[in-house]
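Chain naming follows the written order as A, B and C, and within any one chain the residues start at number 1.
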Amino acid sequence: MRIDLFIPCFVDQMAPRVGMAVASVLERLGHTCEFRPAQTCCGQPSFNAGYWDEARAVAIRTVGVFAGTEAVVGPSGSCVAMLRVFYPQLLAGTPHETAALDLAARTFEFGEFLVKKLGVTDVGARFPHRVTYHDGCHGLRELRVKEEPRMLLKAVRDLELVECDEPESCCGFGGLFSVKYPMISTAMAEVKGGSLARTDCDYIVSSDPSCQLQLDGWLSRQGKKPRTIHLAEVLAGTDA
Amino acid sequence: MSSTRMGDARETILARVREALRLPAPPPHLQSPALDPAPTGSLPVLPLEAARPWLPDGGDSPEESRRILGENLARLKAELHHVADAAAAAAFLADLARGRNWKRVATHGHPLVATAAATLACDTERVDAGPFDKDALEACDAGVTSCEVLVAQTGSVLVSSATCGGRALSVLPHVHVVVATADQVVPTLGDALHAVRERHAGRLPSMLSFITGPSRTGDIERILVLGAHGPKELIVLLVG
Amino acid sequence: MTPLPTGSATHPGTDIAAPRLAKKKFLHDAAEHVRDTGHRAFVRKALGGYYTTRDAQKARYRDYEQARDAASLAKWSAVNRLDELLPRFAENFTANGGQVHWARDAAEAREIVLGLLRGARAKAVIKSKCMTSEEIHLNQAMEADGYGVVESDLGEFIQQLRGEPPYHFVFPCMHVRRDEISDLFQKHLGSPPTSEPEELTMIARRHMRRLYVEADVGITGANFLVAETGQISITENEGNARLTAGLPRVHIAIAGIEKVVDRLDDLAVLLPMLATAGTGQPLTCYNTLYSGPRRAGECDGPEEMHVVLLDNRRTEILADPEQRDSLHCIRCGACLNVCPIFKNVGGFTYGTTYQGPIGSVITPHLRGLADWNHLSGASSLCGACTDACPVRIDIHHHLLHNRRNAARTAPGRFERLGHRLFVAAASRPWLFAAGGWWFRKSLGLLKALRPPLLKAWLATRDLPPAPPHSFRSQWRRR
């Protein structure tokens, strides 16, 4: 299958390794990956701040950038939710509505794409560590992705998966919320980060680089041991 | 307040409501495809019958309903005793009163209750024999009432002001004893509402109360305490 | 009757004199609250049991998700036919011998109740839990007119003694420790100290018993108004509402107009859903339908029953089709119980009658968007509330809608400029890539300079160093 990578702006600049890992897993499975350099940001920061008219311009543009694609796959539950759930709302009643709905139907979050679309759970990875999985809220509640990443992790050789005691709690990132209401955001990181750290794992696996930024930022400041790693990076790991 | 101002308020509010409803709301976010409004364009008004298979089970046979009722009452920390006939109910109640050293028990004129209370050795107080003294009722150790029906699905006792000794008898004394016959058990809340409507056709009692376990509170540190303001104990005697 | 301190007079937050200060106060109180880690842990622990009990009860439904659909549909079809159902309720309730009063706003509602108290020559008033009465500051008004008022719900009673409004609209005193309650009862009721919740409950029970018998007027809320039969439905656990509506000579119920449902049968779905979502019970202990005053042939009950129907800007929400479903709310409190914001900032920080996610949605409508939009901003949009809501209100998306409406009607000038610049860059890939390059290269310097938003981040969290190359440049070179 020809797969178009949807690399959110934050991954592009701050976590390129995640994008590379996504491509490496998909290519290892025999698929072709493409990256359309015209893509920029999905507009979520403006959308979430209430500036829908501003965000709409970006949405129209992004729908155009991904025109004619077969499948669009992104390594962030949050940004995928923007394309899949919020673009159709944002563009409802405009001439772009149909195109937005079309794009929504072929846009997938990485882990979900592997399991639901490609029907794969064992991607031949090995990762000899004890890990826990952090559910990003957009992936969990807007996209309803919960079991897929766990199925993938359970199939990884030598990996031990443990659950924390607050599996469905938010890490507190929330985009601009994290800096507009930093005290609440940090309190939430304390709760979720604390719960994740108590599992005594080596890594916290996530499907959302923005949650990773928040959790790592707090864990590092607290001098707590585990760090996050993106699901794609875990799945990219092999013996070789 | 003058009646004209009252009338104004009614008219203003209803006018605001009518004005507000001129724009139709989007259909509710439903999950069940059976309720999808799209095919007809208008939403089904859901009959209770349609919702019945989704709610907790009330049993398909009288035996099953009685079993479920028993389980629910146990979970609610209410007592359920099966007695063979009215005489056995009276003996049970007399034993209970003696064992607890009850001084005064309140009752009402229902035949089942009258028989059950006939052999009580302590004083009794009839609340429906004329105006009763609230203080005297408050001082009673227990109130014995009939009920309209018992609801298996929720473990509830349905009492009414018309047939179960008014409003206070089932809630003011410290213990509430319900005397009922086995054929008064209905499967669900819907069945219970149906039964009272049949019985009191066109003229519902001024109060209908579903009593589900003894009075309780969790207001202090969310710790369960029984007997907040109503009875601390609920004892159901099922005759037959 | 024991004189009680006036609970409502000192409402922290619900009566902000200058509403413009609401946001400032919110930020201040949130920061303060967050620092109190002991209190936050206490609240988390108190709510800890909720999940287990609720999930056990949910599992007893044969299909809980479809039952949510049914509940949602029952409320949807009622709220969208309010024009027809409100008059029908009023007509049927009147035919049952009750009296209906219409109140456009809080002042009118207070005036109606005070008028009824005067008419009844009331001396003592007993109340059971009623959030609409908090909304209209009824206790204050009654006390100002010289009526002794006692809250009979244990949690509300404790809050009344403390001179505080409810902390959570279902669990009013969940933030108070048992030793504080013991001290409070010792001071006001002269009871001996104890650390047993059971004993504390019994102290309140004994204190309250006389008051039910002596009160001439009982005031309650109503959870549902049944149009078909002209009944009101009250949900409670303690039995205090039963006593409040059963013993006094006059019963007054105050309810928002959105509480109407079409048919009696709707309650066969709504009552169990309310209990399951709210506290994890199959039904709460007492679910009582009142159709009017005592009937001929009944041995007790009030001589008069009144229902006050309150608008108080509910019609403003009704007029917004997008958020009309927020009037479906059955005030179960589930969205508060699962909300990470509520659990971390506490109930008082909101400064509203209705706390938590649903409060953040409706308060801007009830009290003005410009002053209360910050509540919609104070959310990570995690959506836990929407998942918990038994009537499927699109709670967290409505927070987004409030933000949008605020940005349209009163945009922050610099904020809008910021978003416009960002969008302008995002529309030009070369500019966006160049901006990204500049950001990576100067991140170290920015960290040292600490401009405001970055400073907020760095105060509690680290930021990793930027990688040398972006994804797009790595991809190009691959």
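Rule of thumb we're sticking to: a contact is a pair of C-beta atoms (placed from the backbone, for glycine too) under 8 Å apart; a residue touches a chain by one contact, two chains touch by 3 or more.
Only a predicted model underlies this, so the values are computations on that prediction, with no experimental measurement involved.
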Chain-level touch network, classified as line, ring, star, complete or other: line
Chain with minimal offset from the mean of all protein Cα atoms: C
Higher-contact pair (C-beta pairs counted), A-C versus B-C: B-C
Centroid comparison with chain A (C-alpha atoms), farthest chain: B
Inter-centroid spacing, chain B versus chain A (mean Cα positions, whole Å): 50
Whole-Å separation of chain centres (CA-atom averages), chain A against chain C: 33
Rounded Å distance between chain B and chain C, as computed from the means of their C-alpha atoms: 27
Where chain B touches two or more other chains at once, by residue number: none
Chain C-facing residues of chain B, complex: 1, 6, 9-10, 12-14, 16-21, 23-32, 34-35, 43-48, 50-51, 53-57, 72, 75-76, 108, 127-128, 132, 134-135, 138, 153-156, 161-162, 165-168, 171-172, 188-190, 193, 197, 203-223, 225, 227-231
Of chain A, residues touching chain C in the complex: 7, 9, 11-17, 19-20, 23, 35, 37-41, 43, 45-55, 57-58, 61, 137-138, 140-142, 168-170, 172-189, 191, 213-214, 216-218, 220-221
Residue ranges of chain C in contact with chain A within the complex: 27, 30-31, 34, 40, 44, 340-341, 343-345, 377-384, 386-387, 400, 402-408, 411, 415-416, 419-420, 422-423, 425-429, 432, 436, 439-440, 453-454, 456-457, 459-464, 466-467, 469-472, 474-476
List of chain C residues in touch with chain B within their complex: 46-47, 49-50, 60-70, 72-74, 76-77, 79-80, 82-83, 86-87, 90, 96, 101-104, 108, 111-112, 115, 152-155, 158, 171-174, 176-178, 181, 197-198, 200-202, 204-205, 208-209, 212-213, 229, 231, 237-240, 242-243, 245-247, 257, 262, 264-269, 271-272, 279, 281-295, 297-301, 309, 311, 315-316, 318-319, 321-322, 324-325, 328, 392, 394
